[in-house]
Amino acid sequence: MEDTLTLPYSAAAAKAPIKRIPVAVLGATGSVGQRFVQLLDGHPWFKLHEVVASERSAGKPYGEAADWRLDTLMPNDASALPVKPLGVELQSRLVFSGLDSSVAGEAEDEYANRGSVVVSNSRNHRMDADVPLLIPEINADHVGIIEHQQKRRGGRGYIVTNPNCSTIGLTLAIAPIERLYGIEAIHVTTMQAISGAGYSGVASYAILDNVIPFISGEEPKIESEPRKILGRLENDGFIDAPFRISAQTNRVPTIDGHLMTISLSLRSRNFVNLDQVREAIDNFRGEPQHLHLPSAPRKPLHYVDGDDRPQPRLDRDRERGMSVSVGRLRPCPLLDLRMVALVHNTIRGAAGAAILNAELLEARGLL
Amino acid sequence: MEDTLTLPYSAAAAKAPIKRIPVAVLGATGSVGQRFVQLLDGHPWFKLHEVVASERSAGKPYGEAADWRLDTLMPNDASALPVKPLGVELQSRLVFSGLDSSVAGEAEDEYANRGSVVVSNSRNHRMDADVPLLIPEINADHVGIIEHQQKRRGGRGYIVTNPNCSTIGLTLAIAPIERLYGIEAIHVTTMQAISGAGYSGVASYAILDNVIPFISGEEPKIESEPRKILGRLENDGFIDAPFRISAQTNRVPTIDGHLMTISLSLRSRNFVNLDQVREAIDNFRGEPQHLHLPSAPRKPLHYVDGDDRPQPRLDRDRERGMSVSVGRLRPCPLLDLRMVALVHNTIRGAAGAAILNAELLEARGLL
Amino acid sequence: MEDTLTLPYSAAAAKAPIKRIPVAVLGATGSVGQRFVQLLDGHPWFKLHEVVASERSAGKPYGEAADWRLDTLMPNDASALPVKPLGVELQSRLVFSGLDSSVAGEAEDEYANRGSVVVSNSRNHRMDADVPLLIPEINADHVGIIEHQQKRRGGRGYIVTNPNCSTIGLTLAIAPIERLYGIEAIHVTTMQAISGAGYSGVASYAILDNVIPFISGEEPKIESEPRKILGRLENDGFIDAPFRISAQTNRVPTIDGHLMTISLSLRSRNFVNLDQVREAIDNFRGEPQHLHLPSAPRKPLHYVDGDDRPQPRLDRDRERGMSVSVGRLRPCPLLDLRMVALVHNTIRGAAGAAILNAELLEARGLL
Amino acid sequence: MEDTLTLPYSAAAAKAPIKRIPVAVLGATGSVGQRFVQLLDGHPWFKLHEVVASERSAGKPYGEAADWRLDTLMPNDASALPVKPLGVELQSRLVFSGLDSSVAGEAEDEYANRGSVVVSNSRNHRMDADVPLLIPEINADHVGIIEHQQKRRGGRGYIVTNPNCSTIGLTLAIAPIERLYGIEAIHVTTMQAISGAGYSGVASYAILDNVIPFISGEEPKIESEPRKILGRLENDGFIDAPFRISAQTNRVPTIDGHLMTISLSLRSRNFVNLDQVREAIDNFRGEPQHLHLPSAPRKPLHYVDGDDRPQPRLDRDRERGMSVSVGRLRPCPLLDLRMVALVHNTIRGAAGAAILNAELLEARGLL
């Protein structure tokens, strides 16, 4: 097997904590929650200690409460953990949230106010003025806002978030170009996998031999989140990056992996050099790579050669699903550049992103 | 059943010829050829008289030579016809071509030079200076170039062509907007069905649980053909419409129906009124409707309400696959407008388009 | 288009009622209910008069209450009908039931006791001692039990049922062989389409790139219902046919059409002649054909040549989905014969079967 | 990740050769050949030394000649190897053959006659009287025939083969039952993945929303090979096991993993105890487990609980695709037992099986 797909967590990670930090997962029986449980198995820094779900599951062992749907077996340790009800007092300070957005807003606030560090994949607090929306390769410095948030909450607790699954793919793919030339406008059309909607989110009758040109609430997220992520943290708040975004989202019959076609217009369009862009993508590194965080891919972006790449089934699992693949970079007859990007929506685009965020917090001494 | 889906050929068609015109189909055993044979069955004006294929099939009855793959049975009349070899003298003057582009260029020229009217679905002659590239609802007047072509060939024969499958969907969808406001630029991303590549064109191993962000040769066609179609025929040649197009094409696991997201910038953007655009789309009519051509849809464009429409499986068969569906019309944060369009790629986008072209020629007295 | 796929309802139907009979559909917003509404549109004998659904939908126009998912448009007449709540007094005596089995048992009994003729697709009353389980081509004489049922209910009302979707395909396919040689044992493995589970029955995450070797409650139905259908009605009750059945059921990623491999052992195995069996299948006719019932296929069974047929996508729509296709008849190294059969599960296997049953009742003067 | 899915090759393997044995792969650019190349990467005993393909590819580096389609990257070492033409003299004595059956028969014979040990996945020599058809957990003793074959060839070369992909799943699943009770008859219906036909074997147009109830040449293989495998090697030849088999094969739209429903009648049917059968399946071990061969799964058979298991997408990768999963064991109303089995067709059912065979040969001192 190719190494980048089977790499276990890096043994060389700097600053590893002396003993593994106990963590809780909120919404542990759902699809994002199951990914948290899967990815935490064997994690060198974190140890799954508590699983939290709705009242209905509370009291049952996790192995019984969760209708496990991933293609690896449920970790034995997780299976025996008793499910705790949402709202209960937790022993772990570090809390991953895979809660549904219908309950995440209030529940995450409550835990943060009680002192928890809530690392959330939910959309509810992403755009809050004092909550960082993190892609650690891009805006690790946005953790600087945390002390403002702690002040507001009057304690040590706080929330950090990761972006929407498509936003992560898009923003990582354009970040090196933004640094190189500055971006003025982004036009993106996504072709998103069914797993993005959770296990029961898309009926097979709706999607077999079909494409659905609409995903509820998705376009506004993609049109706003990248501006916060690529924006600046100044004294006491975020200043959005000034580019405009048009996003058109589609659901296609793939299982995992959001593919997107991207066109960009640049600020300094006179000097665009495709080879330079390609190199900037492939050589892109950020703080997770410098800090050797355990979940950090060796390369956050892989430029894939070949006219017809990246493709979801062939490229989504690169570096355990933590790398974004980019290909087909070429001039756009309308804007300046165009290209194709792919992100594994439930790993780099969800649970894996949150775990990487938590690793950043630990490495920065914020836990 | 809903009427627009089961309408037989219209009995009310004006100018019906007194007896049915015999026609030949070139490349009759291929996927486009089979659609010709299917759609010609029961046609009120045309009667399938000759089937032409490669040397390998010649001499066999069509029922034996063709590996029939459509979901209706092979018409009995067609089944008994002997397959003739490409290049043979034909008895029918009207010739439909579903030839592969590797042989279509020369073969179609040869037949036209001998006096045939070649109505082709192949790409080879689409951009020729004296060959009309027709969407009869839009540019029926482009048949005016035919006399120039006949002069060049020194006889009564000529070639007319229909556009690429995606081009037809795109160009029909934007035509009413071009008339209303003028178009300056088009940004389109397609999600195309596997049938567009012929029966063996896409291996199942390549496309199941996957999207392929590349279709060989497709983007240049979509970026050029609409300019000819929406251009003007002046004294002795075509003048392209001046807009620019950026097309990004993808193959998705659907069987029939090319879906596309479209963004437009307009010339007179100050006066854009979405309701007016929606009405212009839904009320769009052209010469096939005025002439009551047998294959003409009642409405070439259907504006489909509902946030998540059109969808390939639900909307591709409207008006026997001859209508293009449009939905999700809304402002674009980057250009002016955006919307979603769908075309049945093997009917309106291929064989059905060619048959409609031939009907136009007959109604205009050009056969 | 091939005629058997586009045939409208037969104009030649004998005994057509003078004016169309008003009918109600119970469970009209569900997937079977929508098929009823679709198939009743343009029906020569029946006219959709009332639509009934759960309390939640009651009062709304049908066009608003139903989340229409079929690939033809909702009939205009149906769209305007107000949805009535289950249990309400109905004006139509003839009532089609597409109710979910969780409520069908009681509701159907209640309407039958009040005098309705309930033609049900639900499983609840199929095996009741005085309820006919009809495939009109096979056991039209089983309507003889109706008078016993009416006596029990103390009125003119009664229930008739059609079998499970897979049972219909299996039983039709073997009926001519049962008549010819007698059947001793049946071994069947099904590969069933997702539409059999209703629109939301199978999550896409569960079935894409997958097969599920289990369908809840399905195997016992297939192992019992054929014995009642091919059994005899004697004085006051049904006597099951004596063969044994082993059914193994699987869900596969097809949209419509249940495919099954069948092996049979025969009573008189010394005289098996494959040509004779093939002819018996292809020549099989029953009372719906003799009575020219409007929904009756010309041929209830089509023997399809070709090693690799029948196939769901290519053969499910024969005769508007009302015919069962059979192929690959050959000796079985273990039992005596084996073959492949295909039934359109939501037409011949559900709503279409019920409508054919109602036509039989009308033709027999039982309405 | 669950351990059984990510286990690297076992470090504890007994009898490891002192240095890695150089091997050649015939048909290295095809789909089975690519799996060989993938699975040999990092193999503790074998080292890919030569890649052989058709004249057309000869001379090119493998990385250029092979259209790599697996979802891991091509191993770097393989990429640089020059492709040699079929028939060329090889430096490696151990030769894996993934040749197409159109050329495998002659080419494998030629190499064996020249002294090579040919470990073949092709069907051509499977039923030869002096060629072992191996599933090492079942009939490792069949290697005893090799000396007869060497005599016939007049040298040290010989051929060993592994069974057809479906045969391997079926035969492993029933082997413990054969040992326990003796098997009299087998009825099997398969639902086979598209990868079984090679990358271009099944057109997407043929299989999307479809099932094809026929796989050319497959049923005779499944009906004969298990009898040789479960048969006995006596003095100078194989004696087939006496049971009869009926196989019905279907192609379904899954990517990897052949699922099958199996019914069995037993010799000693009076004493059937389902719990005992289940334990016999789960406890089944063979020589690869006793010898700790590097590719040997810890358990060749996994009994999977849950009504709806095994499923291709969820269970095919158990123990790196080398284990067969069994579930739904229950009585059969017709024969005695029935159950469901699943095999990863391109790993345990093809390249992985051949590599395990080669490991057995090395451990037995036969290389």
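First chain written, first letter: the chains are A, B, C and D, and each begins at residue 1.
Just so we're on the same page, a residue touches a chain if its C-beta (ideal position, glycine included) is under 8 Å from a C-beta of that chain, and two chains touch if they have at least 3 such contacts.
Computed from a predicted model, the values in this text were never measured in an experiment.
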item: Pair joined by the larger number of C-beta contacts - A-B, A-D; value: A-B
item: Per Cα centroids, the chain farthest from chain D; value: B
item: Averaged-CA centre spacing for the pair chain D and chain B, given as whole angstrom; value: 48
item: Whole-Å separation of chain centres (CA-atom averages), chain A against chain B; value: 43
item: Centroid spacing, where centroids are CA-atom means, of chain A and chain D in whole angstrom; value: 40
item: Where chain D touches two or more other chains, by residue; value: 69, 208-209, 253-255, 313-314
item: Of all residues in chain A, those that touch chain C in their complex; value: 69, 194-195, 198-209, 253-255
item: List of chain A residues in touch with chain B within their complex; value: 185-187, 189, 191, 208-214, 216, 223, 244-246, 248, 250, 252-255, 259, 261, 263, 307-314, 327-328, 332-335, 338, 340
item: Partner chain C, residues of chain B touching it in the complex; value: 1-2, 4-6, 8, 38, 41-42, 69, 71-75, 208-209, 255, 313-314, 317
